[in-house]
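What follows are several structures.
Each of the two complexes below includes chain A, the first together with chain B, the second together with chain C.
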Partner chain A sequence: MITDPTGVSSDTRERTADSCGADSSGAATGPQRPPATAPPRAAPQRRRRRAHTPLDPRPSIPLTLVTGLVLVYTLLPLVWLVVNATKDQEDLLDSFGLWFGKDFQLWDNISRTLTYDDGAFVRWTLNTLLYVAAGAGGATLLAVLGGYALAVYEFPGRRAVFAVVIGAVAVPGTALAVPTFLMFSGMGLANTPWAVIIPSLVSPFGLYLMWVFTAQAVPSELLEAARIDGAGELRIFFRIALPLLMPGTVTVLLFSMVATWNNYFLPLIMIKDPDWYPLTLGLNAWSAQARTAGGEPVFDLIITGSLLTIAPIVVVFLLLQRYWQSGLAAGSVKE
Partner chain B sequence: MRTNSRHRIVAAVAVTCALTLGATACGSPDPGADSAAKDVAAALEAGGKVTVWAWEPTLKKVAADFEKKYPKVDIELVNAGTNNKQYTALQNAIAAGSGAPDVAQVEYYAVGQFAIGKSLEELSPYGASGHDQAFTTGPWSGVKYGKGIYALPMDSGPMALFYNKKVFDRHGIAVPTTWDEYVEAARALHKADPKLYITNDTGDAGATTSLIWQAGGRPYKVEGTEIGIDFGDTGTAQYTGTWQKLVDERLLAPVTSWSDEWYKGLSDGSIATLSIGAWMPANFVTGAPAASGDWRVAPLPQWTKGAKAGAENGGSSLAVPKASKNKALAYAFVEYATTGAGATARVSEGTFPATRADLESQAFLDTPFPYFGGQQANRILADAARDVGAGWSYLPYQVYANSVFNDTVGKAYVSSTTLAQGLEAWRATSAKYGTDQGFTVAP
Partner chain C sequence: MSLLPAPAKAFPPSRSRSRTRRNALVGWGFAGPFAAVFALVFLAPIGYAFHLSLMRDRLIGGTSFVGADNYLQALTDARFWEGSARVGLFLLVQVPVMLGIALLVALAIDSGRLYGKAFFRVSVFLPYAVPAVVASLMWGFIYGTRFGLVGNLNDAFGLALPDPLSPPLVLASIGNVVTWEFVGYNTLIFYAALKVVPRSLYEAAAIDGAGEWRIVTAIKLPAIRSAVVIATIFSIIGSFQLFNEPNIMQNLAPNAITTDYTPNLYTYSLAFSGQQHNYAATIAIVMGVFTAVIAYAVQLRGMRKG
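What follows is the complex of A and B.
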């Protein structure tokens, strides 16, 4: 494979271009050069590609195998989902799970998913978007504001706030769900979108992350300089601190978006009206249909619906990951 | 954690019930039958909103019809989850003191649990006792607890044998009429093709209790707060004796009912029969469309040759929670949906009726089922409804008992434990729970 010229990837050619840039044109104008020199020239190329630097370490076979296994383990369910979203119900039950069935039904499945049950899926998608926009968006805003304030300003009780936040990080949301339900029920807010949005607004982990991140990413000298220049606190926050905090903000936004998008338990106990279901509950309700007298099993729609449900979150992840990656490296090198 | 708090609530309520039982029948206030019945008419006149928690799909049509008939009434139909999920939600809403619906779908086996938990309104004062002749025996006994009527029957599930005629014909096996023949058929089928199983079973509380019911076993005795649980009678022994053979010889497909595998088995014939409630045809049509024409309905096999014994499997009712804000109007809807025009409309949508009038109607009996090759299946199912054995009762905490079925009897399907030992373990667990809840449980 290596000797096959088409097997050489384009970036390898680029990398080797300066040393043997005339190679391809030389081959074209062949006659002047002795053809015998060409093969030895190819050999050093290959050797150079195998040179290992700290940035391009020697591949380890066991490590590659383990990584490959993990990759398969992670991607297999996704592949299964994509493959099976292309089948109708009959095929789904009869054909091999990891390969396509008789017909390619994906587009038909998608249109049926969107229209089944008077378009309930669209309604649930809009609900989910509302919960994510209001809940995760609000949680990020509060975390950024709170984290910045706690990192920048000295005030009495800051240590107490720290203790409370760290304590709150340790309490799983599941444990708070039932008390939250009783509280919201008492306030008459159960079974309304508020019951999902308001608890999602609080993200102790996000607040803690923004606090730590602000301490690292926003030098106090910069703030002092801005104050001396006469900038107000709000202006400083929006014009100076916020751009610096972008990587951390995106990280918190991603975390809370994924958490809200996938949230199942909170809406499960809060929301009884299918009109306010998020996608997670809606798909489960469709799945439960198969288990009751008179209900209609719609396994094909559930699978297609699941695919449609994870697609936006995958897109968001891919779009935001560069911010997120730069955020991970923040503070690792003293500049 | 949620289950625990729920149990504690039930416990507290059960104990309160036990203490007050001497004075009044638990949870049945008597505000004067006439005034309540007048309230119903007045409530219909005044109109208002009724929230209904139900997963039964045919109620959509009934709600629309009802709103057309009484334009001032607004029915809000909410699917708050199926079976246990809805019960948990209902318990939570009742415990939280707000958010409970005006009408709730409750399966027969769960009525007792809600009735003794003082969660349901006793419906006799509203006129429910006037309907005692309207419904068949099984469902009617299902909505009564003690002397009170806590719901009205919505559908019923007299058991019949659904069998794959194509599979039976191909292997030249006769359709079994007794359970002994059923075991023989199971052996013959599995021998002819190892992929074929007579039926699937991985342990299902509803199916097991129904077959014990058919065999004449009456393991549960309930008198107020005094409960008897006894799986030692001959009916139960007959069931365990026969079913143990199927388990031991591995003649049951290890497939859980209602799973995608189950629908697959019904489609491709690898599950050859189902002894299940009369509501099953609708599920065949939507869940195994590929097998259309293959299946037929036959009377349930008998424990003694020539007998005509039946049992109920599943089925649910509509109840009015005590927390309802407009009980009279809620009752008006329940009555409409379960009797008269509402019931008939639901039958035409595919429900199996609990009302005698609908069961006996010629149109119902004559309906051909294209799925069953044009068979007039309702004739067999209506007979089954008449043959349901009397005197069955569920535990007042059957929802809990069923939830521990797989931990006890379920072991018989996967280990050397026998069904009889499993049932004994189930009895012990159920009895202990009952005692903890403040019931007097006789061994």
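What follows is the complex of A and C.
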């Protein structure tokens, strides 16, 4: 039961080439569950998909081309970014945007980005990592515990918790910014890492996803059996539920990581000291610098810095796509 | 108001009365940490904002209670209404375009008729991983008529493309950045919803002689209706909150993007440049109520069956 719940089995590799990552992980987790308690939309239905050859029509060239236009639109700016990260400032101005310049300056650009202004970029990267580790890690932990509680226990105020949290999604985050800032400065937390980390700890979407996911993936009979065997609630959570919740947890972790890594508005308001900037604020500071009188325009560093900022998160997404795609599918189950 | 449907399984009936008490303790034990932080960073600021909105700082006499004065001021504030009209126009154009493209791409991927389906699915999502800062800077450079792609095209083909960062076009240019960022995300949401539609429905329809298009309109679209409604609501909320992209592109187009370009930019500049915390809190609350009312109306309309 507690074998690799993420379902990376040897045969999934080739299958993901033409079928969804969700399929393979679903198919791999399915057989490990007790059949009687398997949630209604688990593996069997997904396995069936490949059997339906009449419903697996031939690929269409026109459809691929039309959809390909959206793909070009999506990828063009990223290609532009990669190409222009290889140019020095002079080439940036002179050469065509979608092709390489005279010199290949990528390595030089990277080293100048990392060392410019006494290594500010490195400092910002470390800050970002701190915010992501504490903020996204904490947000995931709280969401998993809370979602599990909502799905498993009957307790007074449970429906209220759900209604309030989901209603809060409709409140513009930015509407809270001013009062949050004033509150945090009153507590002496503004301009410290805490001001970025604490608000990042709450993810209503994460709570919702974990709630739905727990309701599907953790059969109550299993918990009941463990209780009869005399296991405590904490032990049941860590030893039985948590392994079953892994795909959902990874999804929530990934989305909180992206949200924290990419956060701009919260640190913009909370952090005044450049030493505590995350990467997003730092890049914008470099961009604003070109406008100030006497400020050195560093377009080449902004472009290379942007590439360095998105590279880790893009890589993480590509590597873990099968997990978050199956987690998202769980979140979209209706009634 | 709940935006998302509650799963049917998730509220099981309680089994015995004796266990209720213990369950309550354990349940709150697990949910407590989330609830505590949530109260600190969501509920307390909302309450505090409301408190602030009823007060005003005066040069003489300090902070005093003014009742609804700030709200009355907001109702007649031209800068606020211009910003609101701008985001209203923005969402009327940008949201349907973005969701329309996302829906078409999701249906195309789901149809199984694309070459390199897996590549499409992953690539189209990539911009979601790109921070708004980087997306705005990147597009800002591309928009450049001097040395951006627009400038390149003008040079290469002797064109005189209009400046995307000029006042008449900058809203559309921002819309393009936002669309670029979130098309893939919405595609994934729709695609995930399509994945859980039982395939046997398509088979049954095909046996009954339904064509591909008929399956889309009669089965697939109704099946993902609630996903579409949720995506619409989140996009509307996002539009009303429009801040990051215009704030970052202000560096490139200071004349086109003013400090009150959107209500959120206005709130921000009131609070952090103008030191008008009370009025900023008022505007924020008015926008919050606006958003909630419109999101709720869309939900009521969208969830109505038939």
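Things worth noting here:
Convention: the second predicted complex is superposed on the first by the 269 of 335 C-alpha atoms of A that agree within 3 Å, B and C clash if a C-alpha of one lies under 4 Å from a C-alpha of the other, contacts with A are read in each partner's own complex, and residues count from 1 in each chain.
The definition used in the following text is that contacts are C-beta pairs under 8 Å (C-beta built on N, C-alpha and C of every residue); 3 or more make two chains touch, one makes a residue touch a chain.
Small disclaimer: the values here were computed from a predicted structure and weren't measured.
When both complexes are overlaid on chain A, the residue A:283 reaches chain C alone and has no touch with chain B. Shared-chain residue A:90: touches chain B; no touch with chain C.
Touching more residues of chain A than its counterpart among chain B and chain C is C. In the superposed model, A:235 makes contact with neither chain B nor chain C. Shared-chain residue A:167: touches chain C; no touch with chain B.
When both complexes are overlaid on chain A, the residue A:158 reaches chain C alone and has no touch with chain B. Legend: residue contacts after superposition of the two complexes on their common chain; A:181 is shown touching both chain B and chain C.
Of the two partner chains, chain B and chain C are each touched by A:291. Of the two partner chains placed by the overlay, only chain C lies in contact with A:314; chain B stays clear of it.
In the superposition on chain A, A:102 contacts neither chain B nor chain C. Comparing which residues of chain A touch chain B with which touch chain C, the overlap comprises 92-94, 175, 178, 181-182, 269, 288, 290-291, 299. Those residues of chain A that touch chain C in the shared complex are 16-20, 22, 41, 45, 48-49, 52, 54-61, 63-64, 66-67, 70-71, 73-75, 77-78, 80-81, 84, 92-94, 96-98, 141-143, 145-146, 148-159, 161-183, 198-199, 201-202, 207-208, 211-212, 215-216, 220, 233, 237, 258, 261-262, 264-265, 268-269, 279-281, 283-284, 287-288, 290-291, 299, 302-303, 306, 309-310, 313-314, 316-318, 321, 325, 328-329, 331-335.
Those residues of chain B that touch chain A in the shared complex are 1-2, 5, 53, 55-58, 78-83, 85, 89, 92-93, 95-99, 155, 157, 258, 260, 263-264, 267-268, 277, 279-280, 282-283, 286-287, 289-290, 314-315, 350-351.
If you check the complex, the residues on chain A that touch chain B are 90, 92-94, 175, 178, 181-182, 185-186, 188, 190-191, 269, 272-274, 285, 288-297, 299. Those residues of chain C whose C-beta lies close enough to touch chain A in the complex are 1-12, 14, 20, 23-31, 33-35, 37-38, 40-46, 48-49, 52, 101, 104-105, 108-109, 111-118, 120-135, 137-139, 141-142, 146-149, 152, 156, 180, 183-184, 188-189, 192-193, 195-196, 198-199, 202-203, 206, 212, 226-227, 233-234, 237, 240-241, 243-244, 247-248, 251-252, 254, 264, 267-268, 271-272, 277, 280-281, 284-285, 287-288, 291-292, 295-296.
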